[in-house]
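The same subunit A turns up in both complexes below, where it pairs with subunit B and then with subunit C.
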Partner chain A sequence: MDLVLQLLFTGIGIGSVYALVALGFVLIFRATNVVNFAQGEFSMVAAFLMVVFSVKIGLPYWVAFVIALICMAGLGAVFNLAVYYPLRHRTYLPVIISTIGASIFMANTTLAIHGPEPEVLSGWFDTPGFMLGPVYLDNQYVLIIVVTALLVALQYWFFEHTLLGKKLQATSQDKEMASLLGIPVALMIMITFVYSAVIGGIAGILVAPVLFVSIGMGATIALKAFAATIIGGFGDVTGAIIGGLALGVIETFGAAYISVPYKDGFAFLVLIAFLIFRPQGIFGERVAEKA
Partner chain B sequence: MHLTRRGFTTALAGSIAAPAVIRTAYAQGATVKLGMVVPMTGAAAESGSFAQTGAKIALEQVNKAGGVLGKPLELVFEDDQTTNPGAVLAFSKLASQPDIVAFLGSIRSTQMHAMAPDMLKVGKPVGFGGTDPNLTKLGNPWLFRFRPNDSYSGKVIAQFGAKELGKKKWAIVHSTDAFGTAGGKALAEALPDNGATLALDQGYANQSQDFTPVVLAVRQSGADILGTYFTFETDLGIFARQLRQLGVNIPWVGSPSIVNVSALKLAGPALYNTYGVADYAEDSSPASKAFGTAYRDVRKVAPDNQSSWTFDAVTCLAMAMNKAGSTEPNKVREAMLAIRSHKGAEGEYNFDKNGDGLHGYNIVKNDKGEIKFDKRIDFTPQLG
Partner chain C sequence: MSTTETTATTGDIRPRLRWGVPAYVVLVLVAMALAIAVPKTGYILNISLQATTYAIAVLGLTIVLGLCGQINLAQAAFFGLGAYAVGIGQTEYGLNFWACLLIGTSMAAGFGALLGASTLRLGGHYLAMVTISFQQIVTLVLINWIPVTKGPDGVRAIPRPGFLADGSTYLAFCIAALAGLAFLVWRLRDTRLGRAMRAVRDNELAAGVAGIDVYRTKVTAFALSAILGGIGGGLFAGGFAYVSPDQFSFAESVVFLTMVLLGGVASPIGAVIGTGLLILIPEWLRFLKSIPGLYLAIYGAAVILIVLFMPDGIWGYLRGQLDRFKRAVLPSRTGATLHLSGGGEGTDTVMEVRGLSKHFGGLKAVDEVDLTIRRGGVHALIGPNGSGKTTTLNVLSGLYRATAGTIELNGQDVTDLPPHARTKAGLGRTFQNIRLWRSMTALENVMVGAERPGSPIGNDPAALLARARAALAFVDLEDRADEVVANFSYGHQRAVEIARALAGDPVLLLLDEPGAGLNSSEKVELRNLLKRISARGLTILIIDHDMTLVSEVAQHITVLNFGRRIADGYSADVLKHPDVIAAYLGTAPDVPA
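And now, the complex of A and B:
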C-alpha cells in the first residue's frame, strides 16, 4: 500500500507538470485553432531566465520569479506578432510550421547565449520534502500540484466570470462574430499568447528544481503535454488537466508494475488508443460539432 | 585561334586529369586534418564542449612539438546533435572530405554502432570513446578505443564492491542504450567470480523525468550495494536525488559518468560518499596530472573523461602518423597497433589486436564533492 501511495503521489506530481504545459496548448488552440509547438520552449526559456536573475545576478527568488514572468509576457507578445500574426489569414499548416521554427529558434538562441551546460535551480523551500506517514512528499511536487489546482480555479473564474474572459471565449468560438460585436480580436489573441507564455513559464520554473534546467527540458515535457492535450480533448481546459494527470499516473504505475524502459511507451499507447477510438479526447468536441 | 589535334587531345586529357590532380594536391595540403564527430547541440552538448577542449589542448601540444610530418595538425568538428542519425550524418560529412586522414568518433557506444558500418567503408583510422566491449569485436579494423571497455569496468566495480566493501547482494541500474546494456551485463557477469549475487537488474530509458519506480525497485530488492551505468548526467542527477529522498543509502559504485563534472554539479550532496570507476583520475599518474593542469588553464574547472580521451586520441593518432612517416591509412593503423607503454591522460596505452588501448580502471571516491583517487586496478591485456 505504501508503494501504491508513493507512486500515486509521484504520478500526480509529474502529471501536474504535463497538465500545466498542456493548459498553454489548450488556450492557444482555443484562440487560434492551431497547436503551438513552441509551448515547451516557453518553459525552458523561463527556467533559464530564473537561473540568470536568481543564480547569476543574485536577486531574491520572488523578485527573480516576477521579473522572469514579466519577460515571458513580453516573449508571448513578440511571439504573437512574429510567429502567428503575419500568418493569421493562412491555413493552420503554415502557422504550425512557424511555431515549430520558433521552437527551434528559441532552443538554439538559448544555446548560443547560455551555452549547453545544464543548471541547478533551487526550489522555493529550504528542505527537499517531508514524510507523510509512509509516503515521501517532495516539496516541489506538492507546490506544483497546488499551483496547478490554483491556476485551473483561477482560469475557470477568469473565463466564466469576467468580461475579458468572456471576450476571449467569444474570440475562440467565432472570430468573425466576435469582431462584428466589437471585440478586438487581434488584442484578444495577443492576450492569449501572453497568458500562455506566462503559464508555460510558471511550469518551467516550477519543474526546474526537479528536472534541472537544460536546453532539452522544454521538448521533453511538451511531448507528454501534447499527448495529454489529445487525451483530454483539444480545446478543453478540464481535459488538459485530466489528460496530464492521467498520463503521469499511467506511466508511473506502468513503469513500476510492468516495465521501466517502456515507461514512455505506456503514455503513447494510451494516446494511440484515444486517436483510434476517441479522437476528440475525453472532453473534446468533434470539429464538425464545433462548426 | 587554330586548334590542332594534338592541342585538343592535350587539353582534353588535362581537363579530365585536373580534378584528380587538384583533389590530390588538396589532400596533401598545408595541414594534416583530423575530423571529429562531437555533440554541439542536444542533451550532450555540454560534454561535447569538454571533448573539444581536450582535443584542442592535444592539438596545441602536437603543433608545438612540430606537428605531423612537418605540417600543422588541424581539427575539423561536425555536430552529431547527440543523436544516432545526427552522428551518421556528421561522419558522412567529414568522410566526404578526402583531405581528412583520420577521425575521432563518439564517446557514446550507441552512436559508434550507428557510424561503424560507414567507418568500415571509409577505411581510415577512427579513435573513439564508447565503452561497449562489442565495438572492437565487430571485425572493423579501423576502430581504436581510447577508454577501457566495460568488460573491465564491470570487473572492477564487482571486485571493488564485493572484495573491498564486502557487499554481496547487488542491484544494478543501467540505461537501456548500447552502453548501459553492455555495462550492466558485464557487471552482472563479473559478480559470481567475486562471490556476489544479483538481486535486481533494472534498465531505464534515457531522458527520464522520474525515477521513483526504479528507486522503489532498488529498495524492495533488499540489495546491500548498488552498481550503475548511467549515460546522461541529468538522468543520473535526478536518480541520485530521488534515491536519497526515498531513503536508499546503500553503498553505490557507478560507471564513469558518476564522477563527471556535470553530474557532480547537478546531483550535489546526493552523490557524496559514492564510488566510481573512472578512466580519468587526475592523481593517478604524472601524465594525468599534467593534463589536468593544462585543462584547468583553459576551462578553469577540473577535467573528466569527456576531455581526457579526446586528448589521448589526438596525441596517439599524431604520434602514429609521425611514426609511420605517412598518413596512408594502413600504415597509420599498423603504427597505432604498435603503440606500447604510451603514458596518456587516461592511463598507459598498449593497443591489443582488437584496437583496445587501455586495460584497467581507477577507483575514485566522492568525498563531499571532491573526487579522490583511491586505487588503480589493471588487467593484463592479450597483445596480438
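And now, the complex of A and C:
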C-alpha cells in the first residue's frame, strides 16, 4: 500500500509536467487549428538555458529562471514569425511539416552548440524531501504539482475574467468574426505562441532536476503530452490536465510493475488503445465538418 | 460542333508519348549495365546502394503524402521491419532471402494497415503523432528485445541470394527494382485508386459524397507506403550486410520526409531526385558530420525552407518551367451525348423521407420533416435562412447522422449508411460552396464522378472515360477537359461540379443552392441546364433562394421554416400558401391601418 501511494505521488508529479506541456499544445491548437510538434523542444531549450544561466554563469536560481523565461518568450515570437505565420493560409499539412522541421532544428542546433552530454540541474530547494506518513515526498515533485496547479488556476482566471483572455478565446473560436470585431488576430496568435513557449519552458525547467537535461527530453515530453491531450479529449483544457496526470500515473505504475526499459512505450500503447476505442477521449466531443 | 472532330479515342486521361515507355526501359537497362560494368570502390558502391534502396522507401511517401495527402513519420520503422526480417530471418532461422523479403514486406504492410486503420478516421494530426509513437516503439523494441534483435549490436553478416552475391550485380538488381516500383507508382496516379487518393487529398468531404470510401482509400495508401518501406529496407539489409537500431530511428524518418519534400511529393521522379541529392550532398559535406547535430539541424531548417519557399519541390519547380514550353494541345471533342437513366423504371417515388429530425444539442435544426420525391420531376426545398434546408440535405447525403426518422432511396433504407454508400445507392449531390478537387483537371474530377460504385456504366475504363467526356460536353466544358479546375471561373466550377454528379448516372440529384453567386447570364444558363437534365428523366431535389429559378424549374415545392415543414405540394399552390408568404414576408399587422 505504501508503495502504491509512493508511486501515485511520483506519477502525479511527472504527470503534472505532461499536463503543462499539453496545455501549450491545446492553446496553440485552439488558436491556429494546428498542432505544434515543436512544443516539447520549448521545454528542452528552456532547461538548457537554465543550465547555462544558473550552473555555467552562476546566477541565482530565480534570476536565471526569469531570464530563461524571457528568452523563451522571444523564442515563441520568433517561432511564430518563422514557422507558423507565413503558412497561416495553407492547409494543416505544410504547417505540421514545418513545425516538425522546427523541432528537428531546435533539438539539433542545441546538440551542435552544447554537445551530446546530458546535464544535471539542481532544484530550487537545498533539501531533497520529507516524509509524510509512509510516503516520501520529493521537494521537486511537490513544487511541480503546486506550480502546475497555480498555473492552471491562473490561466482559468485569465481566460474567463480578463478582456485579453476573452479576446484570445474569441480568436480561437472564429478568427474571421474576431477580426471583424476589431480584435487584432495576428497579435492574439503571437501572444498564444509566446505564452505556450513560456509554459513549455516552465515545464522543462521544473522537470529538469528529475530527469537529466538532455537533447532528447523535448521529444519524449512532447509525445507524452500529445498522448495526454488525446486521452483527455483533443482541444479540451481540462482534458489535457486530467490526461497528463493519468498518463504520468499509468507510466509510473507500468515501470514499477511491468518493465523499466519499455517505460516510454506505455504512453504510446495507451494512446493507440484510446484511438481505437475512444478516439474522442475522456471529455471530447466528435465535431463534424460543415458541408 | 461536329462529330468528325473526334480525336480522343484512347483510354487514357493524359495523352502519353508513344516512345516514353521504351525510352524508360532503355534508360534503366543502361543504368543497370553501368552499375555492373563500371569499376568502383566499395564506398561508391555503398552510396549507390543506399540511394537506390532509400529511394524505394521514399516512393512510399510519394504515395501516402503526395497522392493521398496523409503524413507518415514512421517510414524508417517500416524500412527497419523489412531490413530486420531479411537480417534475422536469414542469419537466425536460415530462411531464403526472398522468403525473408516477403515476410518483412508483409510485416510492414500489416503494421501499416493496423496503424492506418486505427488512426485514419481521425484528423491528420493524430496520424502524425501516432506514426511518431509507432516509430519510437519500434526503436525501443529493436534496442531492448535482445534475444531476437541482438539489441544495440545489430545483426551482422546478412547474406544475399547466390546469383546476386556480387555487389555490382546486386546494385543492378536494386536499380531494376526501383525502376519497376517507380513505374508502378507513376502509373498509380492515373488509375481509379490514384484518382480516389488525390480526391481524398484535395477535398475529403467531396470525395466521400462522390462515392469514394475515404477511410479505405487512406488505409490503402498508408499500407502501400509501408510496403514500399519494407521492400526498400529488405534490399538495404542485403546490400549492407549489417543492420542496427540507429539506422531506423526517428531521425531517419525525418530524412525520408525531407527527401520527398525536397524532390517534390507529386511525382516518383521527385522521390528519386530528393533521395539522390540528400544522399550525395551530405557525402560532399562530410565535415558537417564532425559536429554532432549540425547535419540534422540543417535538415530541419531545410524542411521549413522547402515548405515555405518551394512547396512543390525541385521536380515540381522544374515541371512548372517545362510546362511553359509545352505546346497547347488542341481541344478534342467526342460529341457523345450524355445518357441519364434516372435509376431506370421503378416505383413513382424516388425518395421517401419520414419523420426526419436532426438536433444539435437542444437546437432542432430539422424537426420531423416528411418528404416524398416523385420520379422524373424537379422538387424544390425552400425556406428562409436558417430554416434547415442545408442541414436536411446534409442528413440526406449522409454527412450528418439523422437524430430520428428514416430515409429510403429507390426503396432501399439508407438512413444509417455513410455518404459513399448512399452515393453507391444512387445519390448525387453538389455543394453550396463548391467542392471540387482543385489540383485535378476537369476531366479527372468528372472521371471520379463517373467511377461511382454502383453506377450502371460498369467498370470498363474506356466507357467511363467516354461517359466523363459526355458529361463535360453536356455542360459545354469539354473543350477545357484537360485544364486544372482551380483556374476555372466560379460559374464553370459549378458546372464541373454538376457534371461530376451527372457522370455517375445517379438516381437522384441533390443541388445545394446551385444559383448562389452566379450572375444573371450564368443563372439563365443554369436554368437551361436544369431543364435539360430534367428532360432526360433525372429526378432533382434543389435548394435555392432564387424564387424565379425555383418557380420556373420545380413542379413540387416543400417549404421549411424553423426546421419544420410548413407547406408541401405543387409549385403554384405552395407559393400562394399564406404560411409561406408569412414566412418570407412576415404577417400583416393585426391592428387596423
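Annotations
Here, the second predicted complex is superposed on the first by the 277 of 291 C-alpha atoms of A that agree within 3 Å, B and C clash if a C-alpha of one lies under 4 Å from a C-alpha of the other, contacts with A are read in each partner's own complex, and residues count from 1 in each chain.
Everything that follows uses one rule, which is that contacts are C-beta pairs under 8 Å (C-beta built on N, C-alpha and C of every residue); 3 or more make two chains touch, one makes a residue touch a chain.
The structure presented is a predicted model; accordingly, all values stated were derived computationally and were not measured.
Annotation for the three-chain superposition on subunit A: subunit B and subunit C clash. Looking at the shared chain after the overlay, A:Leu111 reaches both subunit B and subunit C. By the touch criterion defined above, A:Val51 reaches neither subunit B nor subunit C.
Of the two partner chains, subunit C is the only one touched by A:Val83; subunit B is not.
Shared-chain residue A:Val26: touches no atom of subunit B or subunit C. Looking at the shared chain after the overlay, A:Phe226 reaches subunit C, while subunit B stays out of its contact range. When both complexes are overlaid on chain A, the residue A:Leu93 reaches subunit C alone and has no touch with subunit B.
When the two structures are aligned on the shared chain, A:Gly129 is found in touch with subunit B, with no touch to subunit C. When the two complexes are overlaid on their common chain A, residue A:Ile215 makes contact with subunit B and with subunit C alike.
Contact with neither subunit B nor subunit C is seen for A:Ile145 once the two complexes are overlaid on the shared chain. The superposed model places subunit C right into subunit B at 112-120; the other stretches listed in 4-12, 112-120, 202-210 or 238-246 stay free of clashes.
For the contact definition in use here, the residues of subunit A common to its subunit B contact set and its subunit C contact set are 108, 111, 115-116, 215, 261-262, 264. Touching subunit B in their complex are the following residues of subunit A: 3, 6-7, 10, 14, 17, 108, 111, 115-118, 120, 128-129, 136, 138, 210-212, 214-216, 220-221, 224, 252, 255-256, 260-264. Across the interface of their complex, subunit A is touched by residues 69, 71, 73, 118-119, 121-126, 128-130, 132-134, 136-137, 140, 143-144, 205, 250-251, 254, 257, 261, 291-297, 299-304, 307-308, 311, 390, 393-394, 397, 399-400, 431-432, 512 of subunit C.
Taken in their complex, subunit B has these residues touching subunit A: 40-43, 45-46, 48-49, 176, 202-205, 207-210, 212-214, 216-217, 220, 233-234, 237-238, 241, 245-247, 262, 265-266, 268.
Across the complex, subunit C is touched by residues 29, 34-35, 37, 82-83, 86-87, 90, 92-94, 96-98, 100-113, 115-116, 215, 219, 223, 226-227, 230, 234, 261-262, 264-265, 267-269, 271-272, 275-276, 279, 288-289, 291 of subunit A.
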